[in-house]
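Consider the two complexes below, in which chain A is the common component and chain B and chain C are the respective partners.
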Partner chain A sequence: MSALTTGVKRFNRENWKAYFLLFPSLLIFAFFMFWPFIYTIYLSFFDWNMISPTKEFVGLQNYIDILTDPKSYNIFGNTFIYIAILLVLNCVVPYVFAFVIDMVLKRFKGFYKGALFMPAFISLVVGSILFTWILNPVSGPVAIILGWFGLEMPIWSKMDGWVIFVLSLITSWKVFGYNFIVLYASINGISRELIEAARLDQVPLWRIFFQIVLPMSSATGIYVFIITIVQGLQYVFTPIKVITQGGPNYASSNAIYHAYHEAFVLYRTGHSAALSILTMVIFLVLLFIEIKFVERGIYYEN
Partner chain B sequence: MKINRFVSIPWHLIFIATIFILIFPIIFAVGSSFKSLQDAYNNVLNIIPIQPTLENYQIFFNSLPAIQITVNTFIIAAVVTIFKVITSFLAAYAFVYFQFRGKTVLYFLLISTIFIPFTVTMIPNYLIISKIGLTDSIWGVILPQLADALGIFLMRQSMKTIPMSLIEVAQLDNLSHVQIMRDIVLPLIKPAVTSTGIWFFISSWNEYVWPVLILKTTDNFTLPLALQMYISSEGGTNFTVAMAVSVITMIIPLALYLAFQRYIVGTFTSSGIK
Partner chain C sequence: MKKLVILFTFVAVLLVVSACGKKEETTANKTSNEGGKTVIEYWHVNAETQGGKTVDELVKEFNAQSETTEVIAKFNPDMYKGLMQNLQAEAAAGKAPAIVQVGWSFLNYFANNFEYSSPQAIIDQYFPEDKTFLEDYFLSNVLALAQGPDGEQIGIPYSLSTPVLYINRDLLKEAGLDENGPKTWEEVKEFSKTIKEQTGKFGVYIQQPADNWATQALLESNGAKMITDGKATFASEEGIKAYQLWADMVLEDQSAPNLPWDQGIQSFIDGNVAMLYTTIAQRSNVQSNSQFDVAAIKSPAWEGKSPKLPAGGAMLAITAKDEEQRKAGWEFMKFLYSVESVAKWTEGTGYVPPRKDVAEAENGLKDFLAENEMMNAAIEQMDGVVPWTSFPGDAGLQAEQLLLDVRDQILGGSISVEEGLKATEQQINELLQ
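Moving on to the complex of A and B:
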């Protein structure tokens, strides 16, 4: 026992070794994450076009501009529509799928898991161009099949509402598999005895899902909830950039794409920086909500 | 466990339909890439080309430095993967097996960067890369990609599954940290390291947002950027060439996935990610 304590003590005295191991990561993060983060906050108080040698200090003007521009409400509105659709397609649906594949079905589980995860490995640029063609409203295969039934496909890339829905669908194609696998892992870790007992008592499946599975996998559930919003919104950038460039008339733009547009198309770094900071604050609020949930005693699998 | 057929059959149908929607684009791309443009327009629903042709692949190889582009994509993905796997492993080891000042704060600081949208660091990173003269070079694409905390998180999770007593015994035997890493920790978490590595490789291979800002000349392009050149919002007249480039872009990720499928799905569904 005393030898063991010495071992642990030796660990403690070797602090410098820990910093040595962390050094490469910290160096990279300092240069390409922490410093840029601080510099973006700094830029959000200045008016600058990225080329001019001088930056003009404007205080909170960039933030005021964004919060008073009616276009911003359009863009934040779009952002929330994207979030809502992505949450249904990439959080709710994979949750139900993971539950059914793990606990309800007996056959083809491995095949389903493998096939559902596959698109997660393919470039979203590839996905965007494939779906642009497959969903082409005139000559794409879906339009042709709908034509057999006398149905017409909406010209989705030019229509408000539709455009967001289709771009979210394309993004979900890519994001779905990863979220599904993570949720499956969590549900798979729930004690079988409890489920068996509930089954023997003839508890209906939907109650097993809501009253056992959902609470017992909630830590992972919240993780997936948050990455669906944070990562999902960033993934949507690719189909927007490739297919619509935010159009028609900002109808498909979201907070992430618009920050890019302000910086690298309009060269208004101040607006872009302020918008990014505001977006991040929204994400942070979500993160705090998560921490609060955890404090309330979320069930952790391990 | 008894499962009602009336419950399971509709679910099987739902899964098969979903998988069809997910996989159909891939099959469609492969089929169209071997069609002539006319064939692609006239026989949209015939997935298998009537007169297979390599024309689209030839157009890509003749109009752009296709081999150079593929090599660029590979080098960027390989460098990013090797670097991130090593730094993440070392950092995770420090977080699991050392007690030091600021450990919790540092870990929280690193992990919270997963939740920072890329737009927050985009402008300063662009300025840094310009300042050190790396715009339009593969190093300009590589460097900012290295700041990614996901690997630290994943490897720390799997290291925590190794019984602490094993490490303590090794300490008593006076094994150095290098020996513990190499002979105990690494072999035990090898599946997690491999899967994380494959995930890094594929993410970098498919990376689009950052290269599109940095790379200007076609000689330095990566595959997703080359692909973008054949896109217009209406589907475009180079549609079949775009399908050929899509197939080339998909081959390596899909081959890796199919080769390591059991392994990857296994790691992701074991204690790997939680």
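Moving on to the complex of A and C:
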């Protein structure tokens, strides 16, 4: 009975305005999120080259192809390596930076904030082209400087492992600033009295960080953690596309780039769609784990 | 205040809805304009920076002088693939432009899936005075680029590019080598080794973009065939020998860097690599950015063999459906293939002129070539042009990708040339079945 009345209440005179105001964004969501998602599921059961007027129904063949191809596991492996490196570069490091700049440093705080945030304004395509030049292992400035010390730069764009690391580095150049500013704001909001009290008690900095700052800013921390994984993988797409096109021999490809590659380079939309759906499933599982185990320990101020 | 908010929201919603529902108004249905001229559409892929301005200029010029035809140029984003997709949509709606650009890799797909008229058929039917136009003005190997498997002339070659060898004369001199550069691939290898030993710089960079164009030039010039009767055959003795030379330069002599395309070109321009094997379409980039004595020479041959160079670019095909449109289409095409128009096209895009008599003509490229000498290398080697191999069928692109994958493996040193090429050939033939 009570459930029924709340159901009726939901559509009372006050609420219609809320729905009305939500309508435009729901419309956009439906057009650009839900519909493509449903269409992707649909396409994953067909063999289609994007140009031909007919699509051939192949059932689960696309999924079977992907799951039996050793390349796919290679690519999913890369995806997780990217996640691991990006988590360090774009979540752990900015966390420490934000803490140091807010609580340890006394001067030039404004400058550091500005300088670190700056690259976030610049297009990653531009950044990628810039880094292709700066990090050119034969003739780029970095190679020249290393040359002064008798060091030879590895030809990273053609070497397994290195290529993932350098592409992550380029991505973090762009993403770092935003994550840093968000974490900085959160750490800055922690009550100063707490910190001062700890300092008076001679608590070492590393304990202040781990036992006070980290738990008290964990709500923002978890946001940055997730955004690093989700957005990071999408941002990595740009340098992959501009610099290596997934090479050498898929060593720098990740799940998102490979879905693009299958669809828009090889025109195998079915494979691409199936791969996207599988990627989506993996991320859903990750998200589920996160909600189940991590979310509990998070401190929300309000 | 509240009312204002509601009103504002309402307007916003309306805007979104109307933007989604807005239909592009096209002129496709219009077949003749007020002046009684036949209106035709010309579909091209040339963005503003890639010759789009030249397209507009040529169309404007044509429209000003033609009494019977008005051309509307329509730009198709996303290159030849984008154009194919749009053409598909247009065909589904029962319509078609009069003239389209078709990239070489889509030649077979185009011929199998779309309605077109062979240019010679239209000439024979309506323009007997142009009967020998094609044979008079085009090299037969160039015309062959636009022929289907059965030898039918599907279109006429329009945008052409070939690979050339750019050389840094200063570095060659410094290493005590002939400043006119190597003539054969064997010499390229020796030159590179000497350069590496004498100057410490790299000898040669062979382009590694996401296609097998330069690889084909290297292999087929040595007598290998990418495809024979619909089957991949590049792992022949000649093919392996040619690939081995490249792999040896990269892995054994370390005189050729294993780099992605942009970094390779950049390293040549910086003076860290003495020779660069890439498309003539890079000429203006190389020419305007190099600070040293730079030249372009013809693609090297293999000792005692003549080079076979795949053509990059596109052809023009006539897709017009009715008589008037077809006639108008040929009238426009003939204009595009005039000496003056082709010269403008070359200057605006960097492509090699597809027809004869343009290079020497006063009203053609004479002055342009005097200023841009590097272009000559590409023009002189036109007799060695062969079609750019596209693997047939739906798996063609996957086959291309397998060749790219093995390139990374071979040049990365993780597999031997023979093993890699043979395995890839077998995989491709399984795919193509």
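What we mean here is this: the second predicted complex is superposed on the first by the 283 of 302 C-alpha atoms of A that agree within 3 Å, B and C clash if a C-alpha of one lies under 4 Å from a C-alpha of the other, contacts with A are read in each partner's own complex, and residues count from 1 in each chain.
In this section, contacts are C-beta pairs under 8 Å (C-beta built on N, C-alpha and C of every residue); 3 or more make two chains touch, one makes a residue touch a chain.
What you see is a predicted model, and the numbers here were worked out from it, not measured in a lab.
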{"item": "Touched partner set for A:104, first chain B, second chain C, both or neither", "value": "first"}
{"item": "Contacts of A:18 with chain B and chain C, given as first, second, both or neither", "value": "first"}
{"item": "Which of chain B and chain C A:267 touches, first, second, both or neither", "value": "second"}
{"item": "Partner chain(s) touched by A:188 [first = chain B, second = chain C, both, neither]", "value": "first"}
{"item": "Chain A residues touched by each partner, larger count belonging to chain B or chain C", "value": "B"}
{"item": "Partner chain(s) touched by A:139 [first = chain B, second = chain C, both, neither]", "value": "both"}
{"item": "Touched partner set for A:31, first chain B, second chain C, both or neither", "value": "both"}
{"item": "First, second, both or neither for A:157, with chain B first and chain C second", "value": "both"}
{"item": "Partner chain in contact with A:53 - chain B first, chain C second, else both or neither", "value": "second"}
{"item": "A:249 touches, of chain B and chain C: first, second, both or neither?", "value": "second"}
{"item": "Doubly contacted residues of chain A, that is, touched by chain B and again by chain C", "value": "17, 21, 24, 28, 31, 50, 129, 132-133, 136, 139, 157, 243-244"}
{"item": "Chain A-touching residues of chain C, taken from the complex the two chains share", "value": "6, 9, 12-13, 16-17, 20, 81, 84-85, 88, 92, 109, 113, 202, 210, 257-260, 262-263, 266-267, 270-273, 394, 397-398, 401, 404-405, 408-409, 411-412, 414"}
{"item": "Parts of chain B lying in touch with chain A, wherever the complex brings them together", "value": "1-3, 7-8, 11-12, 15, 18-19, 21-26, 28-29, 32, 41, 44-45, 86-88, 90-91, 93-94, 97-101, 103, 106, 110, 112-128, 143-144, 146-147, 149, 152, 168, 171-172, 177, 202, 205-206, 208-209, 212-213, 223-224, 227-228, 230-231, 233-235, 239, 242-243, 246, 249-250, 253-254, 256-257, 261, 264-265, 268-274"}
{"item": "Chain C-facing residues of chain A, complex", "value": "17, 20-21, 23-24, 27-28, 31, 49-53, 129, 132-133, 136-139, 155, 157-159, 243-245, 247-251, 265-268"}
{"item": "Of chain A, residues touching chain B in the complex", "value": "3-4, 7-8, 10-12, 14-15, 17-19, 21-22, 24-26, 28-29, 31-33, 35-37, 39-40, 43, 50, 97, 100-101, 104-108, 112-119, 121-134, 136, 139-141, 144-145, 157, 173, 176-177, 181-182, 184-186, 188, 196, 199, 205, 219-220, 223, 226-227, 230, 233-234, 237-238, 241-244, 255-256, 259-260, 263-264, 269, 272-273, 275-277, 279-280, 283-284, 287, 301-302"}
